[in-house]
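Encoded as structure tokens, the structure appears first; notes follow it.
Letters A, B, C and D name the chains as they come in the text, with residue numbers starting at 1 for each one.
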Amino acid sequence: MTGRANSAALAAAFDEGPAFVPYLAAGDPGYDASLRYVEALDRGGADVIELGLPFSEPIAEGPTIQGAVTRALDAGMTPERFFEFVTELDVSAPLVCMTYYNLIYQYGEREGPTPFVERSAAVGIEGFVVPDLPAEEADPLREACDEHGLDLVFIVAPTTRGERLERIREQVSGYLYVQARLGVTGVKADVSDRTSESLDRVADWPVPKAVGFGISTGEQAAEIVAGGADGIIVGSALVDIVAEGDGEETVEERLEATARELKDGTRRGFEQRTPRAERP
Amino acid sequence: MTGRANSAALAAAFDEGPAFVPYLAAGDPGYDASLRYVEALDRGGADVIELGLPFSEPIAEGPTIQGAVTRALDAGMTPERFFEFVTELDVSAPLVCMTYYNLIYQYGEREGPTPFVERSAAVGIEGFVVPDLPAEEADPLREACDEHGLDLVFIVAPTTRGERLERIREQVSGYLYVQARLGVTGVKADVSDRTSESLDRVADWPVPKAVGFGISTGEQAAEIVAGGADGIIVGSALVDIVAEGDGEETVEERLEATARELKDGTRRGFEQRTPRAERP
Amino acid sequence: MSSGTESEAKFGEYGGQFVPEALMPAIEELTDAYERYVLGNEDGFVDEFRERLADFGGRPLPLQRADRLSERYDTDVYLKREDLLHGGAHKLNNALGQVLLAKYMGKERIIAETGAGQHGTATAMAAAHLDFPCEIYMGERDIVRQRPNVFRMRLNGSEVNPVSAGRGTLKEAISETMRDWAASVETTHYVIGSVVGPHPFPRMVRDFQAVISEEAREQIQRKAGRLPDSVLACAGGGSNTMGTFHHFVPDDEVALYAVEAGGSSLSVDEERGVAPNSASLSTGSDGVLHGARTRILQDRDGQIMESHSVSSGLDYAGVGPELAHLVDTGRVTPVTVDDVSALEAFHRLSQEEGIIPALETAHAFGYLHENHTDLGEVVIVNVSGRGDKDLESVIEETSEREIDGAPAMDVFQGVGR
Amino acid sequence: MSSGTESEAKFGEYGGQFVPEALMPAIEELTDAYERYVLGNEDGFVDEFRERLADFGGRPLPLQRADRLSERYDTDVYLKREDLLHGGAHKLNNALGQVLLAKYMGKERIIAETGAGQHGTATAMAAAHLDFPCEIYMGERDIVRQRPNVFRMRLNGSEVNPVSAGRGTLKEAISETMRDWAASVETTHYVIGSVVGPHPFPRMVRDFQAVISEEAREQIQRKAGRLPDSVLACAGGGSNTMGTFHHFVPDDEVALYAVEAGGSSLSVDEERGVAPNSASLSTGSDGVLHGARTRILQDRDGQIMESHSVSSGLDYAGVGPELAHLVDTGRVTPVTVDDVSALEAFHRLSQEEGIIPALETAHAFGYLHENHTDLGEVVIVNVSGRGDKDLESVIEETSEREIDGAPAMDVFQGVGR
């Protein structure tokens, strides 16, 4: 299943069956620990890693990720440190930077998003998710991404329809982030009814569809993938582990184990489902 | 100097030279003590005694007399107890009841001031001072007084002029209370400039003029009488003594001594002044 | 300005000028000024008053149809919005009138008493506006109950003089202000806060407040196409009542209800001289208080009783002589609403209409609630003031009781302290 | 209602709709409703809005000549009296408009953020008036600073949700309300409190507030016979500024001053990410915050800074995009007034005019005081709100400093506590 992508690595990540895409905030709770945590996800089977660059007003996040962002900021995370972080990070999964538009816009001496994209490309980032950047305002960032071979992931919500859906379809590359439910990020007990409906709406788009918002167990992952998703995105459930800190098992151990469970879930889901090709 | 009076005793009090008229609140600080205090004033040379029947809203009184009124009320003074008080009292000076109109108006079963006046006459009261009863509203009380042989004393203020002065002149009997200064009762250090002016304005009235408000020393008494007053009224200075309570000397002793000083002052003032008869 | 050349000191048997002689010249001077400036519009006083009421005060004020109450009671309920007057209560109508009159009279200083602090704040505002030094007498107990208003008066540049006599409420503050006036009449005007006191105050204050019914009568005809069946206003001293009723008095078909504070009970403790209510019209008797003959709360001897109400602004042992007279003649019906019912009405109006009323005002809505079926099809209720001044009292008084429909109060106790 | 059919999301480079995708459908629905009801008066929306503003809100509000300030500054100073609007600030113009729009849109629930609590109380009142359940997000620190307003919202039946993120002020409350909205867009309308946020909010809020300048422009011509030389309004998010300026924008001869909170200093602590002021127009830079590109207080990286002002209502790191644009084009002059000068102006207006202003409003008077010689012969100052909500802050802030002309504060510390 290949789709529109500037980054070969990102495209490849979805090529061998559904992808497991974990999220962590870079620098939570501190720089060094965070490096180890992200690497644990990689060992656990991450196909793509969404790495959050903390912004002071994370309006799309629920309390869990807000907490992560605050801890990372308090520990001194900045865009510059973020790029160092990425440089130091030893992972095999391709990295997508998740942040808010003002940080991208302000970076560097020149106006606009280009300096940020250049630097991201230089440290090996493959793409961006920018929750507060709508398709209408995305041209400058889109162009810079195209120029530097990076992807711009967009989110579609259960409520996205009509013209808006069209504009996102035109802009998206790498993968599409399908928001499983309304609201902000955070762990939820069951899979939203609206997920399959949302997937149907974008079924024929030329990008992989990764579902996120509220997924925390292998069970849910399997269910969602069985329902047709090309990947699952998991954030709050992993951030919760970081927030709890070391216990009988270390954070690293638990992150790796949970990643494994989620990755297994996606595999199971894939096996359960009638291959797309065979659908009527 | 005889003038308009229903009460022979009151008329007589001003006949032998200027009168010393002390005030105390009946029942301050308690029934029995108050009896002794009033009797001490009598021994000290009082020519007329103004006896306050405490009202809950003494709007014409300064803090000193307000204090007396509150103490007396707290100790259980009522109009009924007041009449008992007067009955028990053993004094030779005629008694004038000083109170507010609502108590007079409410007393007894019948409407209006008559029951109060009847009872007052029965216990031997010779007249009334009612600070909140203006001449315009005084007809009912005036008539009851005339009927029962009591006098109705009025107050003239430094600001009283013209028609008002005329109306008071028509109503007043017994004596006229000349208010030495604006404001409410209370001890003041010097004699007001306005006193002689006020006395001039009522010089030809057919009643004795007693000056009050702020007098506390024999010196002041002498000065005022020398200026033409037919009497002085002293309240707050005596109430102060009651409020202080027994010390090296008892309240009774001090009241009697102060009364004597004030009475002496009025005598001295009378001797100083050119007899009225000899004026041009 | 309103009723031609009436200048008699009486309303039937009520009224008069029962004050110390030292005050009489001031009262005569005031009577003269009242007749010339207020009744005669000399030097354009009335025009200036009206202009300042508009520009400084915010008049005219709306007569608003209360949609949700109207639905609830199946009656057209209209609210006369005196709560929107500058300062937050009808009190400024009078305070501004009197302070302006003091200016026309050449006075140099303003004094006033205050209970809830609403008249005090209104006077302080008017004095600041017209550049007068001003001193306000306030009972010590009321100072504690109405702290924000004390602060507002001070901010407007007024002195607030605590009165410690008696129980430290409005009655004592009035007595104390009269004492100040007795010493300062020549330079000072006493801005009395309601339709009480000696003539000409009851008439003059009523005339200044009558703008309420002047507007309301015109507005209701425009909005409802007819006169109301009933008009309700809470009565403390009676200034907003008289102001709200005045222009409806000749309309015999309009029922007028003066809603008094029933407090915790309508019975009276004669022994202790305490009335657990402030319902002078309903439970009081004929007597003389603060310069006028009127209906008052008194014991058998004629001593004035301590009154009580959950709302300081109604907590007074007397009432205006004209209102007493209108009750005696049957034109005005005196009714009472107790503390609990007033608190319930307070919460009801806050939640259903988005208007937080003064606790005084809430009494009128308590009566509406309990008797709406008897009030006809079109009812006007005067919203005499807003409740900002009462927030602390409401927390306290609501917490102590079971009040239907009140939000939980415990959440506030901790907040911000 | 105001400017025909403008419906673009931008003011020059500013504005836009920088929000999570989940909100976009709601914003499109709102844009559609704005165009139909507000611009097009569909179903008589504008007529009903105007009627409710009059009856419930108390409009029109006076333009008052300030006699004593005019004399002091030898300039005709006129006060636009938004402090007399129901609730005590201009905020109701917008809150009522939006809640009514929510009703026309068939929404079932209202949410809002609040800083000083003025927008929260206005929204709570409007929600009670129009029978909506309502939840208000408010920073924990602001809850402490503005306790009476918290209580008022609760009394009106709204829930107040404390926001503990960050420093617990307006910025965090807005973020939190956006999160709620993202989860509830289908049933819920988010009543934003100023001319900020994504399109169509800046335009729509401005249109609702433009009634201020619509009235003022007509009133000044009637009263002064001419247009003013200058118009002053304090700027937090900028809603009263835009409302006060809007109808004067085409009058080139009228100078427009947006007075921002200078706080304790105009310099910025880049290290700690703290601005000791809230002057986004004067000291901020181009960025994206809360759904719009505008001028914001940010550090070099683009992180939003903690702002500061003695007045919570100005304490915000952003400003409306239209205002930012009018500043860039030179039509509006941004100026600042610091905490001390605002406090002085607060006491001056209270004492000299008998109007206790909101601390926000006091900033505009601080500017008048410092620059009256440059403002021409006729000046309008918008009195955006009354100061009742600020009494505790004023005692505290005045006690901590040397404030010229303030009454002694110590007397209050004991009173009533």
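Here is the rule we go by: a residue touches a chain if its C-beta (ideal position, glycine included) is under 8 Å from a C-beta of that chain, and two chains touch if they have at least 3 such contacts.
Here the structure is a predicted model, which means the values were calculated and not measured.
Engineer: Which chains sit in contact with both members of the pair subunit A and subunit C?
Structural biologist: Per touch definition, common to subunit A and subunit C: D.
Engineer: Upon omission of subunit C, how do the remaining chains partition into touching groups?
Structural biologist: Without subunit C in the graph, we get A, D | B.
Engineer: Would you mind pulling out the distance in Å between where the CA atoms of subunit A average out and where those of subunit B do?
Structural biologist: Distance between chain centres, rounded to whole Å: 97 Å.
Engineer: Could you put a whole-Å number on the gap between the CA centroids of subunit A and subunit D?
Structural biologist: Each chain's C-alpha centroid was found; their separation is 38 Å.
Engineer: I'd like the Å distance between the centres of subunit B and subunit D, where a centre is the mean of that chain's Cα atoms.
Structural biologist: So the centre of subunit B lies 66 Å away from the centre of subunit D.
Engineer: When you check subunit A against every other chain, which residues touch at least two of them?
Structural biologist: Nothing qualifies.
Engineer: On subunit C, where are the residues touching two or more other chains?
Structural biologist: Not one residue of subunit C touches more than one other chain, so the list is empty.
Engineer: So how do the chains connect up here, line, ring, star, complete, or something else (other)?
Structural biologist: It is a line, because the chains touch in a row without closing up.
Engineer: By the touch definition up top, name every chain pair that qualifies.
Structural biologist: Pairs of chains that touch one another: A-D, B-C, C-D.
Engineer: For subunit B, which residues count as touching subunit C in their complex?
Structural biologist: 55-62, 66, 70, 73, 78-80, 100-107, 131-134, 136-137, 154-161, 164, 168, 179, 182-184
Engineer: Would you tell me which residues of subunit D are touching subunit C in their complex?
Structural biologist: 54-56, 58, 61-65, 67-68, 81, 83-84, 86, 88, 124-129, 131, 143-148, 150-152, 154-157, 347, 350-356, 387-388, 391, 394-395, 407, 411-412, 415-417
Engineer: Of all residues in subunit C, which touch subunit B in the complex?
Structural biologist: Subunit C residues touching subunit B: 9, 16-22, 24-26, 28, 165-166, 171, 175, 178-179, 182-186, 273, 287-291, 296, 298, 300-304.
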